[in-house]
Structure formats: C-alpha cells, structure tokens
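Given below, in the form of structure tokens, are the structures.
Below are two complexes that have subunit A in common, paired first with subunit B and then with subunit C.
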Partner chain A sequence: MGARYAFRFDQSACSGCKTCQAACKDRHGLPVGVLWRRVYEVAGGGWKRAGEAWHSDAFAYHLSLACNHCAEPICAEVCPTGAIARGDDGLVRIDGERCVGCRYCAWACPYGAPQFDERSGTMTKCDLCAADLGAGRMPACVSSCPMRALELVTLEDGTDAAGAATFPLPDPALTSPGLVVMPHRDAPRAGPRTARVANREEVAP
Partner chain B sequence: MTERPLVAFTLLAQAAVGAFITLCAVESFAHGLTAQPAALALTGGMLAAIGPAMGLALLVSLLHLGARGAAWRALANLRTSWLSREILLGLLFAGGATLLAVLRSAGATPAGPLGALAAAAALCGVALVYAMSRVYRVRTVPGWDTPRTTVAFFSSALLLGTLAVGAGLALSPGIPAEPLAGPLRWIGAGAAAGLVTELALSGHGRYGAVRRALLLASLALCAATLAAPGRATPALAAAFALALAAQVLGRYLFYMDGPRREL
Partner chain C sequence: MTATRLDPSAHALPGERLVRVGCPAHNCGGRCLLVAHVKDGRIVRIEGDDRSDDTPADPQLRACTRGRAYLRRQYHPERLLYPLRRVGPRGAGQWARISWDEALDLVAGEMRRVRETYGPGALFVPYGTGSYSQLNGSQVARRLMNLSGGCLGIWNSYSWAAINVATPTVYGTLQTGNQRQDWLNSRYILLWGWNPAEMRDGTNSDWFVKLARERGARTVCIDPRMSPSAVSLADEWIPIRPGTDAAMMTAMAHVMITEGLVDAGFVRTHCVGFDASQMPAGCEGEESYRDYVLGTRDGVPKTPAWAERITTVPRATIERIAREYATTKPAMLYQGYGMQRRAFGEQVVRAGCVLAAITGNVGIPGGWASGLANQPDGGCGWYVFPAGENPVKASIPVFLWSEAVLRGKGMGAEHGVQGAERLDSDIKLIYAVATNCLVNQHANINRSVEILRDESKVEFLVVQDQFLTSTARYADVVLPACTQFETWGVEDGWKYGEEVLLMPKLVEPPGEAKSDYRIGAELAERLGVGAAFTEGRDERGWVEWCLDEYRRTRFPDLPSLDAFEASNTGLHVKPVTRPAVAFAEFRRDPEGHPLDTPSGRIEIFSKALRDLGRPDAIPAVPKYIEEWESPFGPEAARFPLQAIGHHTLHRVHSTHDNNDWLAEAFPQRAFLNPLDAAPRGIADGETVKVWNDRGATVLPCRLTQRVMPGVVDIPEGAWWAPDAAGVDRGGNINVLTSERWTPLAFGTAQHTAMVQVERA
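Up next, the complex of A and B:
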C-alpha cells in the first residue's frame, strides 16, 4: 500500500473556536444532531490547597475529531451489509444505498465518527470532502481553520499515528487511524481520573 | 433509547433457544411425562410456538433499523460481520424449529430423521446465542468485549428457556403431579444454575441491588420447586416472571453502560 491521508492536529494552536465543526456542517448541509467533525473540550485540575494558600492547576485543551479513515476500520469489519469499505485511495466511505441504519458502526467506532441521519435513516460520516480533494482543494475543516491547527497530510501505510493516544483518544493500535496529534503541554496530565470532556452535551447530542 | 427493540430481540431469541432445547430434552428423556397425552400436547404446542417466537424476535429487531426496507442486506457480510452471522443463524433456527413443528403436526414421530432435525435446529440455536454474544464482543468496546458477555447470554437462554417450559408444565391442569415431579426437578436445577450464574455476573452499578433481589427471589422459588416439585409448581411460573423482569433490567443496563466512553 502507498501513502494515505491523515489529519494532523496541533492541540496547542487550537483555540476551540469550532470553525472546523461549523464549516463541515455547512459544506455538507448536515442536519441538527449530526456532526461529522466535533471539537471536544477537555478539562481537568482545579483549586489545590498548599498550607494556607490556594492555587489553581486547572487546565484545558481541545481535540478536533472526525473520521480518521483508519487503515483497519472496525466500522467496515462489523457492518452487516458491507456498506462501509476502505477504497484504494485510503478513504473509508459509507454507501448510503446499502446502509440499513443499524448503528452497529457507531457502537464499534472508538472515535464516534459514524452518525445517524434521521432524514435518510442511514449512517453518515466524514468523507474527507472527497469531491474537493479531487479538485485539488483541502477539506472544509482544514481550509477554514483560522489558527492553522488542522492540516491534511499523507502518511505511509503502517506509520504510527503519533500522539494519537492523547486523552480521551483510544489506543491507536485498535484501528490504526489516520490521525497525528501534536499534544498540548498539559495533555500528559490528562487521563480518565484527572480530566473529562467538558462539553459532552454539545458533541454527543 | 433506540436499543429497546434489541432488548426484546435478544431476550426473546435466547428464551426461544433455551425453551427449544429444554423441550427436546423433556421429550427425549422424560418418557413418564410424555406418556401423558396432556403433557405431550403441551410440549408439542410449545415446540410449535418456538419458530413463530423466533420469527417475532427477528421482526422486532427490525424496529431499530433506520431503513427497514433494506433489512435483507444484513446478510451480505458473513465474511467479517457477526451481525450478519447472527441473522443467518436466527433464520436457520426459526426455520428448523418451524419445520420440526410442521412435520410433527403432519404425523411424523419424534425419532429418526425428526430427531436429527431437532438436533440440527438445537445446534443452530446454540450457535445463534454464541453469535449474538460475539456481536457485542467488539475490540473497541471494552465494556462488552469480555467473556462475561458470552456467559451472560448463555445463562439467559438457560434460565429463561427452562423457566418458560417449567411454568407451562406447572400451569397445565391436565398433567398428574407424579410424572411431573422428576422433570420439574431437572428444570428447576437448570434454572437455578442460570440464576446463580447471573447473580455471580451481576454488577453493583445502577439498579444492581434491584436486579439481585429479583434474581434471588426467583432462585428461592426454584429452590422450593426442587424441594417439593408437586406442591410448589405454581412457584415456577412466579420464578419465570421474576427472572424475566431481572433479565429485562439487566439487558437494558447492558446497552446503556456497555458502549459508554469519552468520545
């Protein structure tokens, strides 16, 4: 296999403005409740007492996430209709004509990428703005990012997804995602017990 | 909760498999009981209901689909998807159980080819319960990807199937107590084994105490059946109702808590 696409996300550069999320939604005309790209707000820490003094060690950073077009896509593996497949171009696509909307892929995907569209009764997800890519343009999320925190790069198949285990991301060995994360300086402090997704209602409607 | 139809589907299918195997065992080994015309009519009637019950379970499972008209496509990925395999095995089990009932009603005796058909259907049923558990044992869902899922699905089939058959036999007025006592002891023991397994697997999370209380009450009624099967037979019907309530609650929690994660 040759090169494959990957999102490279710089957590330190991201201001959490969610322009990428809005641009994706606008570009694909997504209905309320469907977010192909989501910006997670990760927060942790708090006020700590040291002797007579109180100090804050609160931290927060963002994670912008869409489908990572995994090299080993679990969504395609579990799909009962074969509607999800990874093409020769490395893109993982859902064939809406074959999808029955069982939501099994949504359970299986550790990134929450497949989203159920009530209008069609089928699953949908990021297609990396394939039409734009074919015309030599970047995906809407990448081209709209005002901080240049999000890029589309190419990786050789088998390349490690560096930093892709940053909380709250799952172990990249599970699906080999096309995702490179440049961790925020506070990311090493974050874990299931020390941090949380602070905008859950927004990203998981 | 979009998984509500799946709660009904999985429990009904597992109960159907457990009841089918229990009925086959009763007809094969409890000759004293099946010598009673009322008992034979009842087991035959219950066997005839298994295929339609499995068919109903499959129909209920369609309710969680977004595009039901294309449901037939769910058989398309037998190569890698346990969901496709689950549907195929469900259809084979329903078909086998229905064919068995049709042949019996046409006058065939429960031996020879009919026995082979029953064994094949039972095998499909066991494979179905295994496939159902594998549907949820996805490597990316730690809450489900554990042998506990497989054990829980089999224990669910065991306790619901045995208790459904036991309750049917116990509530049938035309069967004398004496030939019923032995089979009911075995049925009660099988149900107790399933209940003890469920108790061992039950967590301490949400509604854990409620579910354990239901399972323990059901287990106590099964113990009463084991101690005095003649007098305690109505208790088996109550044990079934309690166990069913516990399993509905447990399966609901399974879907609620299993796939929970940060993203």
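Up next, the complex of A and C:
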C-alpha cells in the first residue's frame, strides 16, 4: 500500500465554529443526529481567588473529527457482516447493502466516526467525499474552513500520524488513523484527569 | 507528508445549475460568497467560495456555519406563506388567513388614517437588520414612507450606539481603522472584548489575526468569557469582570504615566487634554486626564491595585499588559462592541482610544486608533438603495422607540430627539420590516409586550417577515416576505472587505410570499405613489441602479449587470495590496491635516462633553463609572450574578433560531462557572431559572470554566417563548435586560443586568 490520505488539523487555529460540520451535512444531506464530522470542545483548569483578584488556569481547545480512514480499521475488524472494508484507494467504506445496523462499529471506533442513520437503518460515515475526491476535488469540510485549519494530505506508508494522541484521542497505534494534529498550546496540559469533553451533548446526540 | 493538490471549484451534478451568490445578509458582520446548486426549482446544496486563489489581498470569502446550513432555514416548514390578520387579542396567537388585496388595503388604509389623524410623525419604521441586501429590508419601507408623507425618523443603532457617538468625540470621525491587510504589520494585538471568531466582524477578520500571529504578533484576549477567539486567536486570555474594562484601561494609563511609557512627543503634538500643559481654552485648571489617572483631584490614584478590586484582574497582570502594549510597537488595541452596550458604554470607547493615542499607535502601519474603526477609504457603504428624503425632520434614537410610544408627544432633546424641538405625536402605527427588535431583541421583553398589547397606544402594527417571530406575534397584520434567495439583491463588503456581491434570484418564493420591495411597491400604488416608488423598475432593475451607484462611487471597474450575471462569479473585488492607514496624514502633519474635532487634535479632554454639564455621567476625560446595576450595588444582594449575552453561531441575532442543524451544533444553554453552580446545587446540564425583577427564563445550563465566576452567559437572540405564567422557556436573555439607555448616545445598555440563578 502506498500513499494514503490523512486530515491535517491545525488545532491552534480551530475556533470550534463547526462550518466543517455544516458543510459536511449539506454535502451529504445528513439529518439532525447524524454527524459525519463533529467538533469536540475540550476544557479544563479552574479558578482561584486571591483577595479580589481571580487567577485562572482554565483552558480550552477544539478537535474536528470525521473518519480517519485508518490503516488498521477496527470498525472493519468487528463488523459481523463484513460490511466495512478498506479499499485499495485507502478509503474505509461501509457497504449499506450488507450493513445490518448493529452498531458494533460505532462502539469499537475510538473516534466516534460511524453514525447510525434511522432513515436507512444502517451505519453511515465520512467517505472523504469520495465522488469529489475521485475527480480531484476537495472534500467539503476542507474547502469550507474559515480559518484554513483543515487540510487533506497524503502520508507515506509507514509514517506516523503526528500529534494524533492529543487528548481525548486514543493511542494512534491502535488503528493507525489518517490524522495529523498540530496541537493547541494547551493540549499538552490536557488528560483524563485535567480535562474533559465539555460539549458531549453536541458530538454524541 | 505532502499536501494534496486538489481543485476547490464547485461542480454541478446532472440537472443542477450552479449560481454564485452573496450569502443572505442578516447583519452577521460577514459578507460571504456561496455557490448554490439549483435543481428543478429548488436549491439542493450550498458550497462556499470556490475560487482557486486565496491571498491576503483578495481572500476567499468563506461562509461560516450559518451560511452553509442555510437550506434548513430556506426550506423550513414554518415559513410564512400567506398574509395573516389577527382575530384575537394582540399577542394571543389567533390568526385568519387573508388575501393580499385585503391585507394591503388594510395596511394602506391604516397608514392613511393614522397620518391624517395624528400626522406623519405618528408613523414609524423601526430599526431592523433581518435583511441587509440593498433591495430587501427596512430601507424599502423607509422609501415607501418617505414618498408618501414621511414618518418619525431614527438615528444610531443597537449594535454600535455608544461607539458611534463616542468615537468622534475623540477623533472627529468614525473612520479610525486601518485596512485589515495592515494587521500583518502589527506586533501586538489586544483583542479587548473582541470576538471575531464568533461574531465575525468582517469575513476573514479572524483569519487576518491568524496571519498576524504567523508573522510574529503576540495576541492577548481580554473578556469575561473565554470566547472562541480567546481559544483560537490569542496567546493569552485575561478574564475581566463585565462592565469594568474602563477601570483596567485607566490603570494601564497609570502604569504608563508613572513608568514613563507614554509617547510624550506624540501627545504633545497631536493631542489635547492629556495634562495641564494642553488644556483647551476656557478649561485651564480643570481636571486633565493625567489628573484623573493619578488622582490629584479626587484623591483616588487609579493604580493597578485600585483596578484589581474593581476588575478582578490581578494587579501584576494589569502592569504587565500595560508595559507590553506600551512598548511592543506597533500595537493594536481592538475594541469589541459588547462592552459598549452597557451602562456608560461611551466611557470604555473613549478610554480605549486614549490608550491608543498616548502610546502613539495612531496613524502608523501596524498600529490601531481604536474606536469604531470604519475604513479610511470609505468603508461601510451600506445603503446605496435610495430611501429618499424624509419630509419629517424629527428622529429618535433607535433604542428609545418604546418611549416614543408611551410619551412621544412632547419628547425632546432629553430623550435624544434630533431635528425637532419636540415630537408632535406618540407613535401610533409601526411598519416593522425584517426586524425582531420590538420584542425579541429589545430590552425588557415583558415591558415591551405590555406596551404593544395596549391597542390604544400603537393602534396598528404590521410586521413583514419570513417567520412568525416574537415580534410578528404582536402584529395586527403579518405580511409574508420571501428570503433573499427568492428575489434579486446586491450587497457590499460591509465594514471590511472591498467587494460587491451579486444576489441573483435563485428560486420562486413559497406560497404567496413576496419580496420586501414588491410589497412596498404595492403599498405605494395604494397610497398613490406607485410610479414614484418604482420609477418603472423591478427588483433586477434596482440592482442595476445600485451597481451604477457603486460604479460611480467606489468600484469604477464594476461590470454591467448583464455581464456580471453572465460571468457567474457572484462577486467583484478590489484587491487590497497597499492597505490604507487611518490618520496617516494627520500623523505626518497635524497642522496641515487637522482632525475634524473642535481642537483639530485627538481630544483626550473634550470641551464639548464638558460643556454638557453632566460630569458624573459624561465626563470630559474618559473615566470608569460604576454601573447602575453592578456587583457593587445594593441590588447585588438579591441578584448577585452579571448576565451577559454573547453572539452565538447558532444565530444571527434572532435569525436562524429555528435552524435545526445550528441548534444541534450550538444548543441554547446558560453558561455558568462551577463555582457559582455548586452553592446553588446546580449540576451540569440541569434546567435552571435565571431571573430578576424584570422577568425569568428557564433553560438547561452548561457548567464551564470558560465563563468567569460571578457571570452567567446566555447567548442573545433565542426566540422568546413564554409559558402560561409568563416565564420564558426559550432562553431569551432579554426578559432580564433593562430599557435604560446610555447617557450620551441614548444607546442600548442591555449587557448591564444583574440576575439570580436557581434550579428550575
């Protein structure tokens, strides 16, 4: 397998505006509750009073995630009907004809990428705008970003996806995601004990 | 790792037609380009600017999440389709469908009746920004009124009231901003209450700050809330107690004065009133700015320790920011607008301008004069569509419309009336087009609707909109307007940006909805001024007229409408390769190019303000003044929290509140610090009641470290939804806000509100 696609995400510049999410929903006609691309808000820190003054070490940053089209897609591994496969083009696809909507993939994916669509009764997810990509055009999310913080890059086979362990992301060794994150300045401070996903209701409806 | 080279251009699927079109403008602060996919008479998809080049001189105008989610509004099942007439009591929500002829006859008849009974000053077209294209919106109603006898006029705005009035007291102009390409020359940027990542303030303003940072600028955001701009644009966030920014600014001046960091040369040659050596004639011996800051007259030195007690910002932080801003040059202090929508909002505007002046950051590349910051080459060319001249010369500040309903007759200068000694009538008829400002967006909703319910006051209220908004619910007649995708329009780059964006009609309106212009024309016909109103033009004809006007004034190379439309570019751009710098000539030669102030210089001390004789509310030098509702007053015993309402990307003010994709992305919540939640027994996600003596709203909360203790943040613009007991269930902050206005600008002070929060 040669070069493969990856999203490169400049976390420092992401304001959490969710234009990527809306562009994705518009491109693919997704209903409320189906988020092929989601934007997580991570927040932590706190406040201390000293006299009248407030001292704060509060911090926050965002993480825009779709499907990372992993080189070792765990969603495909757990699918009982063999509906998910990684193609020669490096894209991980769900075959709607074979999917029975059992959601094993959603439980297994550490990125929350597979999304159940009630209309079809099947799992769906980001296909990297394959129809556009095949014709040499940008995915909707990438071309939409007002901060120019999202890019599509190609990774040489075997190269690590840099920065992709930023909290709350899992160890990239797990699935070898096509995701490169340029971490926000506060990302090194964040961990399971110091930060949390603050907008859970917005990313896991 | 290599960047993939991909083609950004939009691509039509079989049967689709691509049309490049300006995003429907709702006063969001941006002006963006969309690519609409139209198929079988319906818009099926929306893409953003798909030009291949994207440079600082001519950047892509990428729409935000609201533009990209627009179809959920466009094809919302609750679009108004037919004219409605109220059949129950006002506000009771009982309607009957009527024909256009019946509706327009009724509206025109009432306009004529009220004009004949009370005079033209009894008719009123309120401030409204729900549609901002040249052809859609309240300016069309204004043209109708002006041609048919006139109506009570308005001045100022909700958004920029204090800053519109205070900026010229310092600089003599509103054009105080360098063009944004110049931000790349700055080395230090204070985003003071400024949140371009969320409220945009010009398409790409956030991106220009990003570029400045990439060039090495340090950025600091000062805000009670860790806004998206604090997260994505700033190296450091400094929380500050709402309404106290002028205190921190004054203490920064104290540091600069006592540590010798003032640009004394610039102050000497370009300013007046900094110290005793340069007081205006007739004011010698009065309190200068230096006197105020050092406390030589009032005995209160405005030290960082003094400001710490007021602002909660640690004194060491104030000292450090003062030194950084005064010594890292060139530097920008960019003032946001939220902090001037407060009690004494004029002061923070003037205080920020004075800091820019005494650090010598005025008139230089990479610097910033503060103030409103319209563009030095003209900027903000909002209305070219001719509303015409109003035969009624009297006008009121937009925010005081309810006063003019209650006691308009006899109202004068003490209420900001301009153009006449006194008003000769109360407001008796309101024609509200593209505005939700009578109910949803005005202060103190419960008061507003009580006023509107009284049919002896406003005798006739017609509302023209796309949805049955909170304001429309109080109408006597509702007229269904089409969206801007359903008629012709044109817009320009608003405050920033050098573009003209074409808005061709894409699809037919649903039901019987019509364009604002068409409705105006049909009313004009009934009022006997049909030909004068249309001048024989339809919507497209007026777009052509507007393009001629743009070509004559700001865009000499603008193509004809036929060529513009045929090009399907959607926009015409004047790239900015040499960004203009405000006050450059004044900087170079203050004698030869004096400012348009009484002294010709930057007025740190304003004799004009001093002559108003109200030093406690309108001092001659900028001061921190304790707000009329604050954590320091007796009201804090019952209502200890400050309520602020940020601009959310869920909406543009109240527009898009019913957009389900945006509600999913940004659900309406009361944001509260865990330190305030804990003693109230409030857990994350619980439903809370936020209330004061003016009203109550009930909504889910989100606990967050991103709002400072003592503050509850409820994003403005949610649709008011009272239950049977009158308690709002929509999360509308304006049930809590006060109708009291700022002293000089007669502007809104809605962000000054004390509240209590409890579990619902």
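Here is the rule we use: the second predicted complex is superposed on the first by the 199 of 205 C-alpha atoms of A that agree within 3 Å, B and C clash if a C-alpha of one lies under 4 Å from a C-alpha of the other, contacts with A are read in each partner's own complex, and residues count from 1 in each chain.
FYI, a contact is a pair of C-beta atoms (placed from the backbone, for glycine too) under 8 Å apart; a residue touches a chain by one contact, two chains touch by 3 or more.
None of these values were measured; they are calculated from a predicted model.
Participant: Given the superposition on chain A, which partner contacts more residues in subunit A: subunit B or subunit C?
Facilitator: Ranking subunit B and subunit C by residues of subunit A touched puts C first.
Participant: A:107 in the overlay: touching subunit B, subunit C, both, or neither? Say first, second, both or neither.
Facilitator: first
Participant: Just to be sure I read the superposition right, which of the two partners does A:78 touch: subunit B = first, subunit C = second, or both, or neither?
Facilitator: A:78: touches subunit B, not subunit C.
Participant: In the superposed arrangement, does A:125 touch subunit B (first), subunit C (second), both or neither?
Facilitator: Neither subunit B nor subunit C is touched by A:125.
Participant: Which partner does A:93 contact after superposing on A: first (subunit B), second (subunit C), both, neither?
Facilitator: After superposition on chain A, A:93 lies in contact with neither partner.
Participant: With both complexes superposed on chain A, which partner does A:23 reach: first (subunit B), second (subunit C), both or neither?
Facilitator: second
Participant: Using the superposition described at the top, list the residues of subunit A that contact subunit B and also contact subunit C.
Facilitator: none
Participant: Enumerate the contact residues on subunit A facing subunit B in the complex.
Facilitator: 40, 65, 74, 76-83, 98-104, 107-112, 116-118, 120-123, 167-170, 174-175, 192, 196-197
Participant: Once bound in the complex, which stretches of subunit C touch subunit A?
Facilitator: Spelled out, the residues of subunit C in touch with subunit A are 1-4, 6-9, 11, 45-48, 50, 54, 62-66, 68-69, 71, 197-198, 203-204, 206-207, 210, 226, 228-229, 231-233, 235, 237, 239, 308-309, 312-315, 649, 660-662, 664-667, 673-675, 685, 702, 704-706, 708-709.
Participant: Would you pull the subunit A residues touching subunit C in the complex into a rising list?
Facilitator: Per the touch definition, subunit A meets subunit C at residues 3, 5-6, 8, 12-19, 21-23, 25-27, 32-33, 35, 39, 43-47, 49-56, 58, 60-62, 132-133, 135-138, 140, 142-148, 151-156, 159, 162, 180, 184-185, 198-199, 201-202, 205.
Participant: If you look only at subunit B, which of its residues touch subunit A in the complex?
Facilitator: 2, 64-68, 70-71, 73-77, 80-84, 87, 135, 138-141, 259, 261-263
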